[in-house]
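The structures come next, written out as structure tokens.
Okay, so chain A shows up in both of these, paired with chain B first and chain C after.
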Partner chain A sequence: MKFGIPRGLYYEPLLTEWKVFLEDLGHSVEISPPTNKLILDEGVKEGVNEACISLKLSIGHAMYLKDRVDCIFAPRLMNMDKYKRITLCPKFRGLPDLFRVFIPNVLSLNAYLGSFERRLSFYSKVGRELRVGFLRVLRAYRRARLASKKVKELQRDGFLPDEARAWVLGGSEPSFTLKRKDEALPIIAVVGYPYIIYDDYVSHSLLKKLVNMGFNVVTPEMMDDKEIEEALRYLWKPLFWSQSNKVVGAAFKLLRKPEIDGMIHVSSFSCGTDAWVGSLIELEAKKFEKPLMRIVVDEHTAEAGLVTRLEAFTDLVRWRKGRAVI
Partner chain B sequence: MRVYLGIDIGSVSTKLVAMSDSYEVLSAVYLRTAGRPIAALLEGLRMVEKDIGNAEVCGVGTTGSARFLASVVSGADLVKNEITAHAVAAIHELPDVKTVFEIGGQDSKIIIIREGVVVDFAMNTICAAGTGSFLDHQAQRLGIEIERFGEYALKSKNPVRIAGRCTVFAESDMIHKQQMGYSIEDIIAGLCEALVRNYLANVAKGKDLKPPYVFQGGVAANLGIRKAFEKEIGFPVYVPKYFHVMGALGMAILVKRYVEEEGIKTSFRGFRIVEDRFTSKSFECSHCPNGCEVVVIYRGSEPLACWGDRCGRWQDKFGRGSVVGELKEVA
Partner chain C sequence: MRRITLPRMGYSYIGFRAVFDALGHEFVEPPPITKRTIDLGVKYAPEFACFPFKITLGSLIEALSTGKVDTIITAGGIGPCRYGFYGVMYEKILKEELGFDFDFILLDPPIKPYGNMKKVWDIVLKWKGELSWREFILRLTKGFKLAWRKLKKVEDLEALILKKRAWVKDISKVEDLFNEAIRKINLSMDLDEVDAIYKEAKDSIEAIPDDRGDVLKVGIVGEIYTILEPFSNLNTERLLNERGVEIERSVWTTEFIEYNVFPGLPFPLKQMVGWKGKDDIVKYSKPFLNEFVGGHGRESVAHTVMFKERGFDGVVHILPFSCMPEVVARGILERVGRELDFPILSLSFDEFTGEAGLITRIEAFIDLLRMRRRMAA
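The block that comes next holds the complex of A and B.
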């Protein structure tokens, strides 16, 4: 059978993990291509008006795959944290049901992915659906985890998710990395959900733009999980959502690092969880007197507003470091 | 005499400043962009030339949303974003300024400055409530010249409460108040207060406001808004002499510093370009599903620059001249 995995809200290293798992069980898998205008248009047309851009994109990506594959693989992400009470934005739960409105064949199972046992139970359920025995599932799971761990490590080294996946799955070493090359350059931390900051279409290649403007860039994916988790103790209680905790934890940790010269929080218009995340980061940035800018992305394709803000912010960062603005 | 030219082309208005070596403003031009930035720029250059005569232009800097376009047409030495340009001009006018309110035709910004350095800023995001275009529209609807808007507001004794959150609501609220019989003066003053409240609650949200305050941009001409600001924040608001062309002034200052520090010779094309024919054409690139709308700027039939492609395929190659032939065909 040929499976399709839509991007949008699903991101790395989950994409790699699922692809390797299904392929090991003898199926072929197509991940939808990076977001482009057609996918966005399709998602906006079919999507709910009030939803965030990433949810609309998920629909666009699924529509792209619809006639190319036999079945859409869309796990219902319930939890990815070791604490079971920490969930994900509810949009992730509704996603498979939204797909079913347009697409008859969707394989969706509840996915609790926060521990080895829970992951194994999820993949066993998938195996049962596909009528494969437990031992085959176990082998596929090991390979899938190995690949996804490699992708994660590469992301920590500053490689972009798509390129990291291609490399792990047998491609060549990517030429672009966010890893610091010149220690003297100012460092800007870019925090936000991975499905936003690494989607070049949505974020207008913000990360690459910053590198081209002469900055070092740090993202939550380039940090140690432990470091992020520890930083959550600065909150009087963690948030309800895994990804939000990751963003807030990363931001709180980075704001405490003296070498970070500024922070950009990239958020999606109408993102509910970011109402919390944004305010928490804002208050913390104020406490540590770090320059912070919030960029809200949406469907618009003109990037003039983004470029103006980015230029002004980078001027500010350099200016504060005592360099003339010109 | 050495002269530095600052050009600020916004969505609503085009501003040019010619500044002497001793930071003296020799010419300040303000005109409507009217959707035709190139025409406005050339017209502005014509007016500046009249003011400065034969003085030698030693540097040109551009800013505003059409800064790249203006830079290509004029042959600018420096291109900068509006925030930096406005901040530089405000610091030049009032060295110990701490807060800058800037309200223009279609955007509004706040810039927080400490010890002559920008430390924070914000721009309005998706909503143009309370900017110049909205005031223009309301003035027109009430049959009052926009220049006299402030005068009316100052006459008011009891400003009425108007919802300023959104222009659509503000307008219906105003109409309702008119029909109830409130005086025009009170409604206009109420509108000014609503806009200031909206600005402080949205653009300036969470910002550390401290005096001295500078208020600049086209809307600073409006005495009603000025007064509403002072009433709301409880401090005097300083409006610089060249409040309406501060972005352009900032660019003139920046380009002067730039030219002097780098010791470069300006690439200004000269005032004779006002006789040339500059055109722009766009086409949809068909190389990928993104279908970017690429804009090409021509002088006569010679392509000068292009942009609008997300992947940079046209822009990158343009520098190397390899697509100029292709772009000529588009023309």
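The block that comes next holds the complex of A and C.
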């Protein structure tokens, strides 16, 4: 069978993990291409009114795959943390059913992925659904995990997710990396959900722009999971969403690092979770007196306006850094 | 003795007053929601916070500004919607940013990693205060019983006027009777008296003769706060009633408590309160929405299907702008409407919603429903 995995809300290293897993079981898999204008327009047209851009994009990506594949593979992401009660934003929980509004053929199972046992139980459920034996599932699972771990490590080293996946799946080494090359350059932390900051179309290639402008960039994906988890104890209680905890934890940690010169928080218009995430980061940045810029993207965000704001912000960061040296 | 307040939501304050009075604390009624409340909330809340958060924050600021309050109580939660973090944000904004001084009691369920038994215990001790254990438990049970009865009766009356107002031309008489009964129930200290007030009000409202015909039947689904607090939805229900539409709500305070507090109770208590489970919601939301998505998202879908089965003319879906569970429900409801051939109107509210636009949409929807009735006849 030919499966399609839509981007939008699904991100790396899950894309790799699922692709390798399904392919190892003898199916073919198409991941939808990076967001382009057609996909965005389709998503905005069909997607839910007032939803965040990422949810609209998810629909756009799924619509793109609809006639190209037999079935959309859309696990219902329920948990990615060691605590089972930490879940993901409700949009993830409703995602497969939102696909079904337009697309009849959707394979979806509840995915609790926060521990080895939970992962194994998820993958064996998928295996059962596809009628393959447990041993084959186990083998496919091991390969899939290996690949996804590699992608994750490469992301830690600053490779972009798509290029990291291509490399792990047999391509050549990508030339571009966010890794710090020049110690003297100022460092800007970019925090936000992976499906937004690494989506070049939606974020207008923010990460690449910053590098080209002569900055070192850090993202939550380039940090150690432990560090992030530790930083969460500065909160009264953690948030309920894995992806938000990662962003808040990363931001809290980075704001405490003296070498970080500024922070950009990218979020989606009408994102529910970012109402809290954004203001938690804001309050914390004030405490540590770090320059912070919030970029809110949606389908109307114009590149020119973004560049202007970016220039103003980077000037400020450079100026502060220069002053600190003198 | 503490002087306690809580964010306002519909008539829920009547229940809280009964409980805190019984425990010997003073309950400071949060002032009614007005334009000023909303302005205050909008000013100090994060820009993208839920509309209900903005309103309740405004309501708390107003209550604290009176200087009569020393304790605020709110329920916590464990997601997946934003509600569970309201408490943390209230505290951050009210204490750190606005510099109010008060004791903040946040009730988090003892579920890792959000809360634990010790936190719950500390709160119980705070409530107990000077009372002996025996006295405390006696008063608490009595308070809860009274609160529950009051809430139920108030809701029954609300349900009644949501129907009745559609059948009479002059709704002020209905509303006067209703408001008077609410006032009396709030002050009453006795179970039987509450029943009597209810019965009297019910009889006299029902006795008002109907002078309108051709009334449509519409169900209301959606996010609880925006539905229960009329000021936040610009009194949509009344706007519908005035145009000859009878309404049945699917969301209530008591139902919210049943669904959110009862399942978490320990063994004997759960059986004592008669927890029935949520099977109907699960059943009716299939195949459209197959998982709990937080808030009332799943209920919105299930109740819409139920309203269809019960022969209603349509459903109005009320949600705050960018509400996470209801945005998911809204997407799903599109399919429900299409596949069941059932008119659904989604209305989202925030501080920018204007009445003129709202009325236009409501009237267009009513026209559609009337036309469908004529076509069917």
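Keep in mind that, in the parts below, the second predicted complex is superposed on the first by the 321 of 326 C-alpha atoms of A that agree within 3 Å, B and C clash if a C-alpha of one lies under 4 Å from a C-alpha of the other, contacts with A are read in each partner's own complex, and residues count from 1 in each chain.
The working rule: a contact is a pair of C-beta atoms (placed from the backbone, for glycine too) under 8 Å apart; a residue touches a chain by one contact, two chains touch by 3 or more.
Here the structure is a predicted model, which means the values were calculated and not measured.
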Between chain B (first) and chain C (second), which, if any, makes contact with A:76: first, second, both or neither? second
When both partners are placed on the shared chain, which of chain B and chain C touches more of chain A: C
Go through the superposed model and pick first if A:241 touches only chain B, second if only chain C, both, or neither. second
After the superposition on A, what does A:273 contact: first (chain B), second (chain C), both or neither? second
Looking at A:304, would you say it contacts chain B, chain C, both, or neither? Reply first, second, both or neither. first
May I ask you to decide whether A:320 touches chain B, chain C, both, or neither, giving the answer as first, second, both or neither? first
Look at A:90 in the shared chain and tell me whether it touches chain B only, chain C only, both, or neither; answer first, second, both or neither. second
So chain A touches chain B in one structure and chain C in the other; where do those two contact lists coincide? none
Help me check something: in the complex, which residues belonging to chain C touch chain A? 46-50, 53, 76, 78-82, 84-85, 88-89, 91-92, 96, 108, 111-115, 287-295, 297, 321-325, 327-332, 334-335, 346, 348
Residue positions on chain A within touch of chain B in the complex are 36-39, 201, 204-205, 269, 282, 286, 291, 296, 298, 304-305, 307-309, 311-313, 315-316, 319-320, 324-326
Which residues, counting only chain B, touch chain A once they are in their complex? 65, 78, 80-84, 88, 117-121, 123, 125-126, 206, 254, 257-258, 261, 288-291, 310
Under the definition above, what is the set of chain A residues touching chain C in their complex? 47-51, 55, 76, 78, 83, 85-91, 93-94, 96-98, 100-101, 110, 235-241, 270-276, 278-279, 283
